[in-house]
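Chain nomenclature is as follows: A, B and C, assigned in order of appearance, with residue numbering initiated at 1 for each chain independently.
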Amino acid sequence: MSAVSAVQWDEAYNFAYLDEQTKRMIRRTILKAIAIPGYQVPFGGREMPLAYGWGTGGVQVTASVIGPDDTLKVIDQGADDTTNAVSIRRFFERVAGVETTETTEDADIIQTRHRIPEFPLREGQVLVYQVPQPEPLRKLEPRETETRKMHGYAEYGLMSVRLYEDIARYGHIATTYSYPVMVNGRYLMSPSPIPKFDNPKMENNPAIQLFGAGREKRIYAIPPYTQVKSLDFDDHPFKVQTWKECCALCGAKSSYLDEVILDDRGGRMFVCSDTNFCEDRRAKGHTGPLGADPAALAFAHKEPAQ
Amino acid sequence: MTIMISVAELSKNFVLHTQGGTVIPVFENLSLDVNAGECVCLHGPSGSGKSSLLRSLYANYKPTSGSISVAHEGGWVDLTKAEPYKIVEVRRQTVGYVSQFLRVIPRVPALEVVAEPAKLVGLPAQAAEEKAKSLLSRLNIPERLWSIAPATFSGGEQQRVNIARGFVRDYPVLLLDEPTASLDAANRQVVIELILEAKARGTAIVGIFHDAEVREAVADRLFEVMAFQRSAA
Amino acid sequence: MSAVMQMEKAERRPLLRVSHLTKSYGEVTGCRDINFTLYPGEVIGIVGESGSGKSTLLNVLSAQMQPTSGTVEYDLKHRGMSDIFTLSEPERRKLMRTDWGIVHQNPRDGLRMEVSAGGNVGERLMAIGARHYGDIRAAGLDWLAKVELDTTRIDDRPKTFSGGMQQRLQIARNLVTNPRLVFMDEPTGGLDVSVQARLLDLLRGLVRELGIAAIIVTHDLAVVRLLADRLMVMRRGEVVEAGLTDQVLDDPHHPYTQLLVSSVLQV
């Protein structure tokens, strides 16, 4: 990156939308969060020009760490081309004038909702998660005063009760997303609603992982190369989802698959949820059972919303 | 002779605060020693304080002054001054008490009621139940009643369950409050035998026996409680 | 020599020692200058009418409330007699969910209504590190049977249980870690008489069988007659009479105790 890039943004706004004092406050919060892996640090969340639940926490974190030379990637459920991802990408193009990309490898900052990219991240990258509910114990213990004490004293028996309930009711741990993890052997943490398939990617990841909850006004973090363990029982160990099918388009057997309905006659296929990963494989010549099917390709080549 | 109970200068009166603080004196400066293997019959008309003395010996009533020493595990325990836990221990180990009426506990079967004191001092459950069964048989409680809670038993049956409970352990000291009051001749005879066997083992017994036949059969001496009523009462 | 040693062995070591315990709410006294010692396996009843300070006392004894003055010492497993209010909060919370049990009058205060019966019983085990589902479930089934709950209902939520069943589940949830001391606040309050009798009998059996010490607050003299070795009678925040349960009930000395005992209706 050149030091004198000709960055242009809408000058009606401060760089990256937030004022400098707010960004400093959020950066201090982020530093504290990195210093205490998994601990939820409260911050003075601002009103953002999008509704709660659409990523206000993630956007504030991204706005505070992004610089003019950074390249941004935004994904929603793994896809770069969904409305939320496109809108947030445009938002930062406008208020920060930054480059954007769909390629995981090229991004400096990746803001995500509900997925971790399939391509491994590298040192220097920042993964920003949008978090609706930062408190993993909330459904079981409604009192914030009590959950804070539980974190303070590492009293996490209650979390196992939730997994126990799963096994008692379904015969196995049926929690498939927001699957709770212990960070650095100390703090219980909600990984945000990512599928448990992605949980193992959080451990020992070279990238910085930041979590922003806008409505709840909490930020937490996993520093690079940190131990992240998914909770389980000795006789019901943690397992990720697997599929009998491979990706219908690129033939991948090890990626997280979404089920897509193709028509109203029962036609369906399983495709990679990570669009960048899928396209990259197809560009390299991999193909799946429907790789040449026009209806299937219509999904693969759909244009980003205008 | 081994003294098992030594009562010294014991006085008891009741103060009825709900009746304007009326003081009812019962006995005063009463002293009594009971030896091992001896049966002392508390004697006197109704209201002379026999029951109050017997209950004091079990630490159920709190005397106004004086002392009640009981030989307990190689030492002496003064029941008028002992800590509650000590009294519980004395009752468990040393002093048995057969009251006139059985305090029924819901759902606990007769056999369990009888066996409980033996289990509490560590007798294996089976041995305790064997002992309880043999006593219930001797006291003519039909076997079909053993597994039933005694709440629905007749007065005489309840009293026999109570007696069985009192004799299931070989207490060094046994207190008997009219144990034969509502029993027929045959069962009265069984109780007499049980008392004589206990005496032969060396149990010190203090009892109230209104029935002259029983009294003559078991008592070594009569103790006149009336003699200790306050003269100025 | 051996007799002396035997005597010394018989002198038990206290489990809980309460000294000059006072709790005031500003000008109002909750309880004043309470002193007593509880030994292992002993059951003590605290009786008195509403507002006599018995619930305040229970809350302070069970560390749910700070006293204004005085001490509550407990024989901690690895430290011996320690004032529970000098413990750090996590130590105190750990004590409350391992070596102590607290049975609330309203089972809703002591149970998680959205968690299955088995999960309710297993929570304390998981809190102290149990991570084997099969073992936790086995313990849950065992305890449901001990408190006479239908074991086929292990996966049902307590909100589908009757009041008496909820109370028994609460007891199981507390006893699963084999506590040495259990606090009970009106354990039979709000239950039908027939259900009360069953619960009382169950409690009596468990307390004796497991050798648990208990402090039971109630206004029901029949409850203490059946369960308690000892009794404390409270009035206006003070203990007016204390002693063996049958002593206090059969030969009450204090005017208030006499009134209390004579006010019970005979059935």
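Definition applied: a contact is a pair of C-beta atoms (placed from the backbone, for glycine too) under 8 Å apart; a residue touches a chain by one contact, two chains touch by 3 or more.
Treat the numbers as computed from the prediction; the structure is a model and nothing was measured.
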| item | value |
| --- | --- |
| Contact graph of the chains (line, ring, star, complete, other) | line |
| Chain whose Cα mean lies nearest the overall Cα mean | C |
| For subunit A paired with subunit C, centre-to-centre distance based on mean C-alpha positions, whole Å | 48 |
| Cα-centroid distance, subunit B relative to subunit C, in whole angstrom | 31 |
| Chain centre separation in whole Å, for subunit B relative to subunit A (CA means) | 78 |
| Multi-chain contact residues (two or more partners), subunit B | none |
| List of subunit A residues in touch with subunit C within their complex | 140, 149, 152-153, 155, 157-158, 160-161, 164-165, 167-169, 232-236 |
| Subunit C contact footprint on subunit B (complex, rising order) | 14-18, 55, 59-62, 73-75, 84-85, 87-89, 105-108, 120 |
| Subunit C to subunit B touching residues, read off their complex | 3, 6-7, 10, 12, 39, 42, 197-198, 200-201, 204, 208, 226, 229-230, 243-244, 246-247, 250-251, 253-255, 258-259, 262 |
| Residue ranges of subunit C touching subunit A (in the complex, touch as defined) | 89-90, 93, 112, 114-116, 118-119, 122-128, 130-134, 136-137, 154-155 |
